[in-house]
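Presented sequentially are two complexes of chain A, the first with chain B as partner and the second with chain C.
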Partner chain A sequence: MMKKTIQHYILGNLLFTEDESALQDGDSFLDSGIIDSTGVLEIILFIEETFGIKVNDDEMIPANLDSVDNLAAFINRKQAIAA
Partner chain B sequence: MSRLLQDTLLATASRYPDHCALIAGDVRMSYSEALHYACRLAHALRAHGVGRGDRVAIFMDNTWQCALAIYGVLLADAVFVTINAQTKTDKLVFILRDADARVLLSEAHFIRVFGPVAEQLPMLRILCSAESSALPAGIENLNDTLINMPSTPPPQRAITLDLAALIYTSGTTGEPKGVMHSHQSLLFVLDSINEYLGFSTDDRLFSALPLNFGYGLFQWLSAVHAGATLVLERSFTYPAQVFKRMHDEAVTSFASVPTVFALMLAQDAKQALCFPSVRRITNAAAALPAEFIPGIRRLFPQASLYKMYGQTECIRSAYLNPGLADTKPESVGCAIPGTELLLLNENGQPVARGEVGNLYVRGPHVMRGYWKQPEKTAEMLIPGPLPGEFILKSGDLFRQDAEGDFYFVARSDEIIKSRGEKVSPAEVENAIYSLAAVQDAVVIGIPDPLLGEAVCAFVATRQGEELSVQQIKRICSERLENYMVPKHILLLPELPRTVNGKLSRKLIMEQCAALLAELN
Partner chain C sequence: MCGITGIAALSTQANINETDVRSMLPPLRHRGPDGSGVYVDPSRRIGLGHTRLSIIDLAGGAQPMHNEDQTVWVTFNGEIFNYLELRETLLKADHSFHSHSDTEVIVHAYEQYGDAFVQHLNGQFAIALWDGNRQRLLLVRDRVGILPLFYTRQGDRLLFASEIKALLPQLSTAPSISPTALDQIFTFWAPRSPNTLFENIFQVTPGHMLTLENGRLHESSYWDWHFPEQDDYRRDSDTELAEQLYQLLADATRIRLRADVPVGAYLSGGLDSSALVALICKHSNTQLKTFSIGFEEQSLDESVFQQQMVAHLGVENSRIISLNRDIAEDFPATIFHAETAILRTAPAPMRQLSGLVRASGYKVVLTGEGADEALGGYDLFKEAKIRQFWGRHPQSEWRPLLLKTLYPYLETSGTQAKAYLRKYYSIGLDNPGQPGFSHLTRWFTTAQCKVFFSQDLNAALREDAIDRLTGQLPPAFGQWHAFNKAQYLEAKTLMGDYLLCSQGDRMLMSNSVEGRFPFLDHRVIEFANRLDPRLKMRALNEKYLFKQAMKNQLPRQIIERHKQPYRAPDIPAFCSAHPPAYVDEMLSEEKLKHYGYFDAKKVGFLLKKARCGNAIAYKDNMALVGVLSTQLCHYFFIEQFSRTIRATDGACSSLTSH
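And now, the complex of A and B:
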């Protein structure tokens, strides 16, 4: 469910499409040229608002943010700590 | 004495073979390793039919392969054509065709973009750096090709007047133009830049600027020329990773553009940043707002700040003596060593000191012209004082103060500068017009605190047709590099025209002033 939400956000706001085949959960945003330095700030704003977490500056690394899978795992970890 | 650009690598590798040349991702390479790889690539290119003066396109991210490919192409006596990693298929085909490239060097994760190229350009050989050897038909694995190649330089026939690079840049007409630089022009500007920046072997230059444009390319060329180390990042996308790398590698020189300084200052406001190892910071590609300077001083307490100005057609034109950064924060300083800047009026006569004039650049760093575009070349290169000499029309208006330092006043064309990248309004408009429902489209740049200028599109739909902002953004992101995709799109019932029936940027700006004010 969380992955779908993230995937739809990225498709709609960074790829401007509804075609789900355009983005696989494991696709690196960097490799596929989906985001740049302003795009990553949009994604952070989105996950902070949608999933009620706070992304620290030192967490802005590819391991946390560079694919739908990475984002979902990162959000889960953050929510588990907060809970 | 270097006559060819690659001589700088040969000289440095011979003097400092074990010194670290390049750090990129997990890879650290010495100068001798860098040279050996570049030589193997040069032999591979020769084996693929590349000869003196042939164009080899490099469509890669900011990777070590990309950095070394530049020298590999040169060592093959060929001309390198670096292409922005965000380029989409249609534009890639345009550039490959325009440059008449013989070989395309790329990386596996770009297959989606360059895959369709193979069918459209059957004469082009494609070599792709890939981990696995399973690649689609017609695409060769570069890594496999290099294995048995000799690591000594192949014999070279190029002379200093030959072309070394074609650097594609956005033009006012919407189609990119290849800026021709010879070995001579690039070596000259490299010497000049390294002279005023004073790089030495213990410098560690940091760059996340793309290698495909002059400012990013010259971080690497400068490092090689000085025998310094380049710490190369793919992009500024993940700031925490970038900052960690800068700290871990104790970088001494930081090259950036205003948008990145703005991002850093925004981060610093939340969580203090400080880079005490940095001795030198440079700004180019767009004017650095004076109000950034105190914050930049805090971030880089030990650094001299160099404000610079240039364009692809001559790489670099001016720099401000760092001692004046605080007293003349609006100035870009004076001509780089060995060159001259002229301010001329519409009749080609010098303007009086203090008056606004068109800036012209004189020196051996001026391009040879635009590839296969004699008319456009004649607009930009005009006869200079000596027979056979040409000076470059910058397209920018400047004035000079009493001490001779230069101040940017305005551009004389409609090119937008967003994130330090040149955006051609016509190129964006062409992408929007490809939607059948579009009646009129006009693209302008509007002031933006982070981007410098934000790309803003005004679009009117044909009667009875429907069109959404989403559709327009999508077509733009499918066809254009990310930085060209409009940040703002305003759908209007119709766009204002002049009495002659022409679309007018000026009228749109005036009539939409209220709408534009709301955007920020």
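And now, the complex of A and C:
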């Protein structure tokens, strides 16, 4: 469910499409050129508002943010810590 | 400043008639509200038209104008700032003048020097010159592209005019939008000369001369930005060079104050316009009136610095605040005058500003345009320098961090964001010597807007815009210093094809106001081009020598101020609570599909994102403005073609009033 929400957001807001085949869960946002330096800020705003977490400076790294898979794993970890 | 038009025969069958030439004048009335004239030669090979905004020799400067025996005729838009000196020289060579205008100098300079006459002109100009003896037409545009000149073939006639809209009454069908031009706009921000937005309509490239003789067109370059091969720079001391630059700028300003009407100046509060206003105050006796623009959004507003300069120099100042609502409401008229798609709304406030100038009773303003290109001011030049520096040690951890000095938002995203920074700014880093390296991040970011192109448009694209540009660079380009390469690309793409046109001449002239640009005096450019690049950018201190030259004339805060690029609100202008109705109409699925340039679904997603306030990325802003302006161009110049050629200025009112 979380991955679907993330995927849906990325598709509609960064790829401007509803074609689900345009994005695989493991696709790197950086390598596929779908975000630039301001795009990272958009993703952070989105996950903070949608999943009620706060992204710290030292967490803004591709390992946390650069694919649907990475985002979902990161959000799960954050929510687990908060809970 | 004025509007020029004309028709030339391309074959012996074609006969030019006065009615046709006259039909091209009404669309240019804003360029010349003070009078008009037409000349058709007895053999009907050529017709020249002119609409006049009178600035020099108010009584005697009517055009088209001729030489002593009426064999050379000229219609001319612009100013020859050294006309007094040239007149003296030509009088000594036994030419006789029947007016005191700068136009007549062109006629006699041509008689004296032939095609090389243009080398003697210091000014901004678009000239059509007919030599009846040789049955030969010259179309000439100034060195850097301050004034426009468009042309197209129509059957066996060549049509030419200051604006595309003046060509339309003589076209049998509406023009079509060129896929190549859209590709260039969505990469470089503008179609590249000689292209325009429209298929088969061209512009004379800045610094070029187009010759029509025996039915054949021939284009040649008479001037270009040239840089020394590495290390062959001016060798005087920094102090001497700063003094030479100051004297040159003072003279460039002085001759641009020549006019028979009062002259004002734009004051943005930045270094360039502040320096210019200081130069004007120092070198003229008249009370100077300055004009400034402010924004409701604080991050874009420079009022504090404008007020500081107004107080420092004791000049008069009028200002307007550009509201988001104003930008949206005026955008159709902005596009109607720009005659091209654009990716930023920044021209719209410039049109408001020229409106203020006109309403204040002025028709000439000096502006600081060109200083960043000639003297090395843009952040892009710094970015390129840092990327060059980084490219020498691509593995360095800290070299790319210098980019944070340029883009403060990188700083706010924390030190760990460097992985992103590395990735994004490392484009082309494997080959920093490649042509275009300095501009790759901008071009690639912009080109991401092409994701909104429709399948049909993509299918019509033949050649990559960047490859085509880098394939057309001058042979010496590869020998120049990296900094000079960046300057060349900036001057030849953004400045010549966008800033001076869509954001410059068209926005000024739409309100019958003439702009003059001392920093673009070719003597200033040629002097600056011979400077060691470290005098333009010392470490990361931009326009170093210029600051040295001006340091005694300006408050320290202005000299040391961090450069703020001129920007206007883009998406926020169109996504207020009550946007003008045309926005929805032009971006509707139906219109998008009907016009065919963009993917209606994708634009729908973008619009939705924009309306939620989530579209903060530059590329989203550029895409929305680009799509909307392309749609407007299609509306005005294709869908409403037959109305536009009848109604001219009135054509855009129907769209903005509902």
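Convention: the second predicted complex is superposed on the first by the 83 of 83 C-alpha atoms of A that agree within 3 Å, B and C clash if a C-alpha of one lies under 4 Å from a C-alpha of the other, contacts with A are read in each partner's own complex, and residues count from 1 in each chain.
Going forward, a residue touches a chain if its C-beta (ideal position, glycine included) is under 8 Å from a C-beta of that chain, and two chains touch if they have at least 3 such contacts.
The structure presented is a predicted model; accordingly, all values stated were derived computationally and were not measured.
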>> Contacts for A:32 in the overlay, against chain B (first) and chain C (second): which applies, first, second, both or neither?
In response: first
> Between chain B (first) and chain C (second), which, if any, makes contact with A:60: first, second, both or neither?
Replying inline: both
>> I'd like to know which partner A:42 touches here: chain B for first, chain C for second, both or neither.
In response: second
> Just chain B (first), just chain C (second), both, or neither: which does A:17 touch?
Replying inline: both
>> Quick check on the output: what are the common chain A residues between the chain B footprint and the chain C footprint?
In response: 12, 15-17, 30, 33, 36-40, 56-62
>> Can you tell me which positions in chain A touch chain C when the two form their complex?
In response: 12-13, 15-18, 30, 33, 36-42, 45-46, 56-62
>> Can you tell me which positions in chain A touch chain B when the two form their complex?
In response: 12, 14-17, 28-33, 35-40, 56-62, 65-66
> So in the complex, which bits of chain C are touching chain A?
Replying inline: 407, 409-410, 413-417, 419-421, 423-424, 445, 448, 451-452, 599, 601-603, 605-606, 608-609, 614, 616-619
> Inside the complex, what are the residues of chain B that reach chain A?
Replying inline: 85-86, 109, 112, 234-241, 259-260, 263, 267, 270-271, 419, 450-451, 470-471, 473-474, 477, 482-483
